[in-house]
Amino acid sequence: ADIEFWYGNTGNVETAIKAQCDAFNAAQSEHRVTCVGQGSYEVGMQKAIAAYRAKNHPVLIQFFDAGTLDLLLSGAVVPVQDVLPDVNWNNYIAGARSYYETSNGKLYSQPYNSSTLLFYTNKTELEKAGISKTPVTWEEIIEAARKLKAAGHACPFVTDGDTWRVLEQFSARHGLPIASKHNGYDGLDAEYVFNTTFAAKHLANLVEWRKEGLVKLNADTKAGNYTAAFNAGECAMMEGSSGSYAASAKAFEGKYEITVGMAPMYQGYERHNTFVGGASIYIMKGHDKAEIEGAKAFLDFLRRPQQQMFFTAATGYVPVTNDVLDVIAESGEADSPKYATAAIGIESMNQPRTPDTRGIRLGFYVQFREVFMEETQKAFAGQQTMQVALDSAKKRGDELLRRFEQTYKGAKLP
Amino acid sequence: MNAIDTAIRAAAADIKLIGVTKAYDAQTVVIPPMDVELRAGEFTVVLGPSGCGKSTLLQMIAGLERVSDGKIMVGGREVQDLEPKRRGCAMVFQNYALYPHMTVFENMAYSLKVAGVRKAERAARVAAVARMLALSDYLTRKPGQLSGGQRQRVAIGRAIVREPNVLLFDEPLSNLDAQLRHDMRVELSELHRRIGATSIFVTHDQVEAMTLADRILILNKGRIEQFDTPKAIYHHPASVFVAKFIGAPPMNILPVTGDGSVLRLADGQIVAEARLTGSYQLGIRPEDIVVGIKADGHAVRAVLRFREDLGSHSVLAADLAGSVIRIATPFGADLINQSELFLNLPAARLHLFDAETGRAICGAFAAQ
Amino acid sequence: MNAIDTAIRAAAADIKLIGVTKAYDAQTVVIPPMDVELRAGEFTVVLGPSGCGKSTLLQMIAGLERVSDGKIMVGGREVQDLEPKRRGCAMVFQNYALYPHMTVFENMAYSLKVAGVRKAERAARVAAVARMLALSDYLTRKPGQLSGGQRQRVAIGRAIVREPNVLLFDEPLSNLDAQLRHDMRVELSELHRRIGATSIFVTHDQVEAMTLADRILILNKGRIEQFDTPKAIYHHPASVFVAKFIGAPPMNILPVTGDGSVLRLADGQIVAEARLTGSYQLGIRPEDIVVGIKADGHAVRAVLRFREDLGSHSVLAADLAGSVIRIATPFGADLINQSELFLNLPAARLHLFDAETGRAICGAFAAQ
Amino acid sequence: MVENARSLNIIASLILVVGMIYILGPLYLTLSTASQSYEFMLRNGLAWYPGDQLLANMASIFTETRIPIQMLNSMVVAFSNAAATCVLSFLSAYAIVYFRIRWAGVVFALILATIMLPLDIRVITTYQVASNIFSPLNAVLDATGLNGLIARIFGTPVQLELSVLNTHFGLVAPLVAHGTGTFLFRQFFLTLPKDLFKAARMDGAGPTRFLFDILLPLSRTSFAALFVLTFLSGWTQYLWPLVGASTPDMQTAVVGLARLVPDSEGQVPDFPMIMAGAVIVSIIPLAMIALLQRYLVQGLVLSEK
Amino acid sequence: MSSDSTLFSNRWLPVLLVAPMMLLIVLFFYVPIFQAFYWSFFLERPFGGGSEFVGLDNFARVLADPEFWKAGWRTIIFMVTASSLAVLVPLILAVAADRKIRLSLPARNVLVWPKGVAGASIGVVFAFIFNPFVGILAPLNSIFPGIWAPGINGTDAFITLIAAHVWGGIPFNFVILLAGLQSIPRTMHQAAAMDGAGPWRRIFDVQLPLIMPQLFLTLVLEFTESVTSAFALIDTITNGGPGGATTLLVYKIYMDGFSGYDLSGASTQTAILMVFVIILTAAQFIFLGRRVDYER
């Protein structure tokens, strides 16, 4: 059958997606997929909403992590696990799986372009400042940062303070809840708790460290952006998505040496899994059997290790099924920079999990991310203390949750 | 003139205004209810002081201003709600209103084009009119490149080239020199005779009014003071207003009192015999006064104040019984200021008006 | 008028044009090199046919059109490159050019405001001028709500309220009725006397020219035909052009030939004695012709064609030796068409012009 | 202008110089960035000085993207947007100003209200309408119960369906539904001397002739200005063409250009290439400006009396 | 046209003339807007189904939300500053370009360019220009560290936005205003020159009043424009930050509705914004519109 797949990515990711579509169409003749780029996740989602209401929506739609709950409750999608019951879904690494599955463990969407948070250093610069061991804990990072600063380095550590990085991934790997009810997995009546966890302390630390000149934000850098600042050698360390690797490596080529590792922990905290970032693919309701068959075939195709490897190599996203690592190992290219983040990314997502590190299942979550950014930025700018910022972010976030709850009154979380 | 001659003659139409009123807003009632009838083919000149409503009247007939009340009939049809183009009027605007983006030729040819006249005929008719208006050299210019008088002539050409049923002229000659004015007057008069359109011509020039009009309509603050032939207007003005308005210099108006047998000036001098009692206003035209140096018969005594020499004649201004009186005379050149004048006011040339209403009183001197 | 009276008197300035030329483009030379001098405080009236360059001349003096060549001196200063506001002129535009966004009051007060005149004085001066122009009731209106004549008066008011050194009027009275024109004439004349500004006044109205002018400048196609006092212009026209241009109806021009002792008309009738030979043009004003019914003395025979009755006098048109001759007469009323007329052409009133150049030949009849 | 005021002219020139620098500064940066290499940019960020990679970057736009082809779509969208906006705005302003209609004020207000909410924030619901432009009609039929009636008589209710998504009409129509043009023409008409209208009516011109013979020629400047401005805004539209077109061959160049910016974290956009794309995409609008500039602001000197 | 003068009196022709425009506007403006307004009375799920009527609850909530009011205030401040600058700057440029000087021709060309340059590149460029370390204000920063920090200081971010907004607003307003200036009859300048007004004075006494219709047009459009189209700039330059300092209402609406799928919240804010802008525009028409009417 002829089916449509809507995706939101642009740039080189889009190029890779298109290549996969073409490959699928070339590989068999039974189905034909038309991959339609929507320019962004938001536009794709909005169009899907409008199209669904007008009943001309596609079979497959890709959507990003933070919108998972919206789709789960939409009534517009069918769980992939229901449509493709025979697939060995357990092959998916736990960190990726848990984010997109229901509270009773049924995978709703097929993880697609996946990323997670990693820690990057400019080894050359660190060595110049006399730091030979790559730091792995925040304590080590700050110590290194002080050394760098003493050595005259203007920007020891850089971040953008993004919610995903400084709150979600931090809480996850430290095993801290963001909201009650296991981040909402157990019901829409969850409430935010991050302002009371160790995350609040970490964020307050960031403020202090920034004052000390150890941590820089986007706006504090010449480049105006944390990855660009890191890539240009302006900043020596950063926490960034696995997707950053390719560009950084390219920028460093012949000039600096790069290291990449799992995101830093505070001493005394047990490491848990990081969340999966990026997006997954959903099957939309209201299509006939032939189209569903097409969708299944395409999803099967994307799941193939070769396809995942291709995608990883082309984009820097990490593979999310366990078998892929084996295939990479067999391919003999395991040390290639193409796959540099694959192993470490999977390792990070495969760390021990708790009910609080499965993922995020909170209503109007995208709006909450904005609220969080807004409030913490004010704290960084010195307009309020971090605790006040977090408290009001919690308050505003809870309001969003309550309204969401009201909007979906009677709906049951799958 | 061939092209014009061969054009279909428009049927002249009579124009009737019944209770026509115009108010821009509650305060500015420009024209109180007006009733008037213009005969088909007649040439009416509208005269009146600045701002009395002449242009407004024309625009209402043309359909460019709405009437606030009343009916306008053209050729028996009620037109006050009709569009301008259905009324068969052409108009020369006081401010020309030429199309800035069209050449002189296009300006003049436009109405013909709209009427669907063929190109060749259009060219011929415009050429003929342009010749008549001495505009042939300017046909390719745009209005912005013309002098005031030239623009005005284009405005005239634009109206007459159509040879419509009704021709409305709003001070069409005001910016032309005497010579051209004279020529244009003759041409317009000729044109009127030829196409026979009912014409209404607003002017402030009395010579124009006198020579062109079949009848003159005199307006004062939107009210009709008199509507009659030029001769009647001149010789039998219906009111002081008309009397003073027509004639240059205007008619002299003197307050008089009647004692039942004679009329006396303010200083007691007798000016005429009349069986009237009470206060009146006596009118006499400057050119009707006969000047002498010696007192004889009914002559009244006046003191010469000053003299204006106008080439063809002189105008004397003299004090008569406390009023200034003007006398037109061909030989004023020989008189000296401050000298005494003896003025003969021929009874046949005297006009009498009610002191209050200003309306003429007829037959006062009929006996003589 | 107090406010005006107490205003500082502007110093009148003489105006000199030296070789001033204006060409809009290579083909349209509107004014060929012109030299003329206007005395300080003088009132000059510019007369000329439509399109002869009157407005252009004014605009060049005002600094609104650039001169193509030559110099303009105002009060001894060379001004042709100065900004208009430095020239101390005020001007009444032929097309009014009122500010559409300002009320009548604001229009008139604007130049005072620019000049920094205090508010109270501004109000007083405008009020005075408005009264003089009968505009007091319209001060709060915008130009769009005025009649043509009212707009024109605002334009006048705007210029005179400043009492400048030089006053330029471009047909300022063309849209006013006779009465108002007359009043305005008197007012302007009075004003001129009072503020003594050097004034240039473009008009096409001869009465205006005659009554207002110290000297009249007659333009023809941008060239000066004559520049002299009204009397001189009227009585001693320097050319056929001037002779025909001034006077209404215009001077009669008849072709004559001289045989060394007398001048004869085309049909051989003798009109005057003169020791000249060759072809000439003979001029006589309509009002200088004496009409008789019987032949006597030097009278020439003419056939009456038609008669225009103008109220104050009649104009006869008659055939004389193949030309049309116009006669102004106070008692034409009694003559019948086609009747024979005997015309006496007094030698003292005859004008002789060169047949080719049209320039006047002086002293031809001096002997008489 | 009446006189040569040197001082004023110098000040005016200075103002224009400053204004042009203000305008050209960002454009220069676009160009200088477009002439750097990606590697250079990765290491140094944007640069104030130009490099030598302009042609290479432009070449890769031609070889690696569909932008050159998408410019054809942009052309169609921009041109139809400009043409339709000009014509429809002109006609509606004409009706509002020159006809004695009681509802003129209401219609004008209704049209003007469209300037108050950008397409950007009603794009979702607009998309729904575009996906079936008969949906409002259907809804009205449903809501009024008419459809029930129809269903009873004809067996089935009326459910018309016509999607204009992914069509040129669909791309253009929502852009045209905007009041700026009508407002602009209305303001212009209000400044025309009333007597011109009267004169034309005296000359026998009816609504059509007045429109074509008088109003249109006199409006040439406004027309040109509006045309250029709507062309340009049509050309640079982003969100609606992105949403309204789903296949790459319906997409416009600006959408194509924006696609060059990667969405995912840490991917540093290839700004040199993007800027090179911006330069290429801007060529046609700039040519358009240069071409029509003459008409843009040519004053129409109305000769009054 | 004054209401009393005779206009065309056809009955159906004007209907025909406005019909195409009205049809498009109803279809692509009013129907979508109606939809949005409708949602503002519901708690609407993005994919439909189970939407719940809540009456004026949404309005009550939005109006009680301090964030909404903050965004509203920012919108007003932006509106006033940005729109007046976006009219003033082109106005000054237009008055300058209206003079017959050599630069006027190239300026008429160049000043229209921003309109033709795709937005995708401009946000980045402006961010760079105002970058505190390498942008044009960097020297200032090296003297007074931290004085210019649009990434941290809300006011600085605001200024950056305004500069970009004015930059993008120049072409339209410049063209319209210059066209207006150019169509002022020459005799108006002449008359004023005769009245003793020099070129400076004429700008204020003659030129500006006479281009009132155009000025009014740009002002009205700019007012709404600054409310609405600042969106694209915020999206590319500041993302509403820092700390929400540049989150204007439109951006908030867009983010809530478009990214956050909060259709009801966004619709409610849309409705309120629309009412606000309508009141503002109506006020402009009432207070300014009447004053610009004069007859030439």
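A, B, C, D and E are the chain letters, set down in written order, and residue numbers restart from 1 in every chain.
The working rule: a contact is a pair of C-beta atoms (placed from the backbone, for glycine too) under 8 Å apart; a residue touches a chain by one contact, two chains touch by 3 or more.
If you want to know which protein each chain is, UniProt gives these names: B, C = Sn-glycerol-3-phosphate ABC transporter ATP-binding protein UgpC; D = sn-glycerol-3-phosphate transport system permease protein UgpE; E = sn-glycerol-3-phosphate transport system permease protein UgpA.
Predicted model, so just to flag it, every value in this text is computed and none were measured.
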item: Interface with the most contact pairs, given as the two chains involved; value: D-E
item: Most distant chain from chain B by Cα centroid; value: A
item: Rounded Å distance, chain A centre to chain C centre (Cα mean); value: 93
item: Chain centre separation in whole Å, for chain E relative to chain C (CA means); value: 57
item: Interchain centroid distance [CA atoms averaged], chain C/chain D, Å; value: 58
item: Multi-chain contact residues (two or more partners), chain C; value: 63-64, 83-84, 94-95, 144-145
item: Of all residues in chain A, the ones touching two or more other chains; value: 46, 49, 53, 222, 224
item: Residues of chain E engaged with two or more neighbouring chains; value: 5-6, 8-9, 128, 134, 185, 187, 190, 193, 198, 258, 295-296
item: Chain A contact footprint on chain E (complex, rising order); value: 43-50, 52, 61, 67, 127-128, 131-134, 149-154, 240-244, 247, 255-256, 258-262, 264-265
item: Of all residues in chain A, those that touch chain D in their complex; value: 8-14, 34, 36-41, 43, 46-47, 49-51, 53-54, 56, 113, 115, 222-225, 227-228, 231-233, 240-248, 250-251, 253, 255, 277-278, 315-317
item: Interfacial residue positions of chain D with respect to chain E in the complex; value: 1-3, 5, 8-9, 11-13, 15-17, 19-20, 22-27, 29-30, 33, 45-46, 48, 88-89, 91-92, 94-101, 104, 107, 110-118, 120-126, 128-130, 133, 136, 173-174, 176-180, 182-184, 187-188, 190-194, 197-198, 201, 206-207, 210, 221-222, 225, 228-229, 232-233, 235-236, 238, 253-254, 257-258, 260-261, 269, 271, 274-275, 277-278, 281-282, 285-286, 288-290, 293, 296-304
item: Chain B to chain D touching residues, read off their complex; value: 59, 62-64, 83-85, 89-91, 93-102, 110-111, 113-115, 142-144, 148, 151, 158-159, 162
item: Contacting residues of chain C [partner chain B, same complex]; value: 24, 47-51, 54-56, 94-95, 145-150, 152-153, 170-171, 174-182, 204-207, 210-211, 230-231, 234, 244-250, 285-287, 308-313, 328, 330
